[in-house]
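There are two complexes below, and they share chain A, which is joined by chain B in the first and by chain C in the second.
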Partner chain A sequence: MNARVDDNVVSRSLAQIGECGLFLLKVLAAIPRSGRYARETVRQLWFVGAMSLTIIMTCGLFVGMVLGLQLYHVLSIFGGTAATGTVVALSIYRELGPVVTALLFAGRAGTAVTAEIGLMRATDQIAAMELMAVDPLAYVAAPRFLAGLIAMPLLCCVFCALGIFGGHLVGVSWLGIDNGTFWSNMTDTVEVWQDIVNGVIWKSLAFGAVVALIAVFQGYTAPPTSEGVAYATTRTVVASSIAILALDFVLTAFLM
Partner chain B sequence: MSQRKSYAVGTGLFIVLGFAALGYLATQTSSVANRHHGATYTVDAKFENIGQLKERAPVKIAGVRVGEVASIALAKGAPVADVKLAIDKRYADIPVDSVATVFTSGLLGDQYVGIEYGHARQYIADGGKLGLTRSSQPLEEMLGKFFGAGGGADAIGGSYDVTARFSNVGTLSAGSPVKMAGVAIGRVLSVQAEPGKLDALVTLAIDNRYNQIPDDSSAAVFTSGLIGSQYVAIQPGGSPDMLKNGDEMILTQSAMQLEDLIGKFLVNGSGSGDKKDSGSSATPAGKH
Partner chain C sequence: MNAAASPDDTLIRIRGLTTVLNGKKVFDALDLDIPRGKITAIMGPSGTGKTTLLKHITGQMHGDAGQIAVDGKNVPELSREALYGLREKIGYLFQNSALLTDFDVFENVAFPLRQHTRLPEVLIRNIVLTKLQAVGLRGAARLMPSELSGGMARRVALARAIVFDPMLILYDEPFVGLDPIALNQVLKLIRTLNETLGITSVLVAHELSAIQRVADRICLIANGKIVAEGDPHGIENDGSPWTRQFFGGEADGPVPFQYPAGDYAEALGFPRAKA
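After this line comes the complex of A and B, so read on.
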């Protein structure tokens, strides 16, 4: 990126993707070396995971509630309100849970990681680490990547659970679907392997890896100016969102 | 130090919460919740037609779930389905002359096996057999007894046009199939209202291969299935003359509304509202 300036948009974005791929290899290679900084990984996990809980839970609740409300009204046309629980659960597990969690995660945690690393570079902290023989890939990049990888599936599970609760709240408590019908239709249809492992776990792991990689990469390669950090933060959100939605299609085609 | 401890605790809480949510999703909202691992015993039942019955479908007695369908296979040497039912050991006192039936929950719901108790003093044992079974009654068959039958559409070569007048065509539209004996023999070309005669003029394009239709045949507007699309059924008459291009079919029967039909069978048409099978509780006590 700082090696040469290309005017061509295509070759510039190709170069970005290529650098990102190489960066992924470097981070993966640095993961074993980051073992001694386990505490830093835990701190990052706290920052990107535990601190994101509030927004994830709130959004999960509202997504579930609005799904319950919409589905109840549409399904009542066909006399099928009993299927509300099923459809809420399936749509949250298979699509909305992983995708919305990943988008929120990119906005909440990815931007913060990018800005933090970008400022570290701008204020020469990373250069200082190198001088002190501390590998910045192992100390800065790898813990944040690992934290994103671990936090995403957990956040997604919380999101899904709150979504089901929201759907139950609207469907059963407010709109009067029978409680037993709601749960039994859901448990009849949802398969552990197909929906929860393939839908929730694998997808959110993949999204977590992608968002964390993009966030760390953009921060790590940001131009060391305040403008550069601002652009890098924006690019994190844009690139993550596109990558999540594109990857979602591919993963759905493979996993379902 | 306290700063470090607080985030460690927070992270731990976060991880525990995440895994708790995963455990909740996997065990409470998925099919695992249905699988209770109590001891079961296996009972054999053979059905001529199991319809949409699937493995792990519930087995019910008096509406109470007592087990599930363990396996479904085609019996050797006969076109009957061999269904193995895994029934909870707690319900070990099922008389040997009980009847197993494939039921549908609701009109469009899933199918399950219902067992009605017999009167024998002997109880069915592990690996035993339910000799008396009743097969699934496909809704289409039941309705087909009242109405015409459904069926797939056919490719069409050349065709000839006949017209028919109906006082009510329901939701019939251009492109709907025309069937005779359940076989698609043509398409509806157009449906037009005739203001002068206050009825609907329907033009049917019938495949040239089917040119042996007596000209006193009757045309009726039927519905395929309960909520299916509507089609024109032709019931052949006995005239020696055949329908030709441009003829009009005189005998027609208009679309019947399902609501009308059901109203004729059921006297208590006023909706009771509660459609769930609340057969097990005599008083709706919990509804307040």
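After this line comes the complex of A and C, so read on.
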């Protein structure tokens, strides 16, 4: 009995991953057609990007402050508080920046995209577009996918900047680390290609693509009921979180 | 017969349409001709596939067998581009209006024009206001869909459906939620569109009195087929058991009122009577 249930869960999950892959191909094929809806892409960029700034900036600041505080106390045991800036920066650039931004992005923007598209389907707005000869993949799906892809690296950069500012605030302004030491150790250690490009840019691009794909897919395929939209929204958070952390391991293994 | 070989006076020709959904045969070799420039009403008991038939005509759904030709084009065989090209000539009024909730009334009606034309803004404005005036909602142009009543939303959807002056308009339950004044105006509008522009209309509705005022012909659909068709004022008395039951509102007849179920007494837990 349990084995059968497990088999069903596994086969359903695999089927959904397959459907999601096919949906990605359709969205990619629709991107050239979505060029005429550039205004819609900009509108979505505002919605998923600019509207997420508050949560990203706030969380980035506090993550940086916590890191600064924790690292200062741990490093002070070894007399190495001068390395606080370095470790804060490396932690944020390589892992916490892209991963926490993506998790927050999935919770803030991903769920909103899923719920919006799910409700559009439930209220026949997607069908109405099809009947008005407007391709919903080009008008609805592709702009939201592109907006997620573009917004994530930008939000990640903002998160990293605020995180380092938070670490500086705690380490230098409150705990008395020398300002010059904080910055010079950081700039000596952080490498543009290894930490900024591989850590921030590639990872956040990959996470942006995955979260945007999952959010759009779940909304597009949500059953047209209130329960269906609610489940789809939940699935967006769960699937995105798992995908982000799993992909982070794979990308870290290959890029570092 | 090849359905695609549509003569000029028939806009929609359906031949042998068979559709099975969830194990239930919705259409069973259904044949239907919709004449060009006329108003045809599709009536029938709930759940007999009237809306599904409209979805087949617009290519949203495809049957398991049969042909559907609209303006001489066999819909199931059309490419995406050709299907979209055909849909640009079709207006569709949804049961639940299906207005785009991000846009106000004006932008909802302007949406098809903005997507498919490069008309100057002043012309778009004039066309949209003309259509809104026709449905009595010019003053509501800047309201959002959430601020409209059900009847108003339906009239906005109607304005959107006719904004392109299409060759064919499919109305899915157009009279639901309309007050008598709005109903009268919508009936006049449907008739005027038909008489002045020669637009072909297909109405799916249950209100016989409204249908009789506007339609040229009624087709009664039941058991997956067209079981009766004819003049709106004569079809009630054609002697067929289908029309007698449907228009008389009788529970007994060829259309079962009860959804198929087991024994009623047994379901209530009563002991079976001994034979």
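The working rule: the second predicted complex is superposed on the first by the 249 of 256 C-alpha atoms of A that agree within 3 Å, B and C clash if a C-alpha of one lies under 4 Å from a C-alpha of the other, contacts with A are read in each partner's own complex, and residues count from 1 in each chain.
Everything that follows uses one rule, which is that contacts are C-beta pairs under 8 Å (C-beta built on N, C-alpha and C of every residue); 3 or more make two chains touch, one makes a residue touch a chain.
Source: prediction; values computed, not measured.
J.: Kindly say whether there is room for both chain B and chain C on chain A in the superposition, answering fit or clash.
T.: Result for chain B and chain C: fit.
J.: With both structures superposed on the shared chain, find the angle between the C-alpha centres of chain B and chain C as seen from the C-alpha centre of chain A, to the nearest 10 degrees.
T.: Taking the centre of chain A as apex, the angle works out to 170 degrees.
J.: Tell me which partner A:16 touches in the superposition: chain B (first), chain C (second), both or neither.
T.: In the superposed model, A:16 contacts neither chain B nor chain C.
J.: After the superposition on A, what does A:128 contact: first (chain B), second (chain C), both or neither?
T.: The second partner, chain C, only.
J.: Please work out whether A:196 is in contact with chain B alone, chain C alone, both, or neither, and reply first, second, both or neither.
T.: After superposition on chain A, A:196 lies in contact with chain B alone.
J.: Taking the superposition on A as described, I'd like to know which of chain B and chain C A:42 touches: first, second, both or neither.
T.: Only chain B is touched by A:42; chain C is not.
J.: Would you mind checking which one, chain B or chain C, touches more residues on chain A?
T.: Partner touching more chain A residues in the overlay: B.
J.: Taking the superposition as given, does A:160 touch the first partner, chain B, the second, chain C, both, or neither?
T.: first
J.: In the superposed model, how near does chain B get to chain C, counting Cα atoms only, in Å?
T.: In this superposition, no C-alpha atom of chain B lies closer than 11 Å to one of chain C.
J.: Across the two complexes, find the residues of chain A that touch chain B and also touch chain C.
T.: No residue sits in both footprints.
J.: Would you tell me which residues of chain B are touching chain A in their complex?
T.: Going through chain B, the ones touching chain A are 4, 7-8, 10-11, 13-15, 17-19, 21-22, 24-26, 28-34, 108, 110, 276.
J.: Which residues of chain A touch chain C in their complex?
T.: Touch list, chain A to chain C: 119-120, 123-125, 127-135.
J.: In their shared complex, at which residues does chain A touch chain B?
T.: By the definition above, chain A touches chain B via 39, 42-43, 45-47, 49-51, 53, 80, 89, 93, 150-151, 153-155, 157-158, 160-161, 164, 178, 181, 183-184, 186-192, 195-196, 200-201.
J.: Report the residues of chain C in contact with chain A in the complex, numbered from low to high.
T.: 58, 60, 80, 84-85, 87-88, 90, 92, 94, 96, 98-101, 111-112, 115-116, 160
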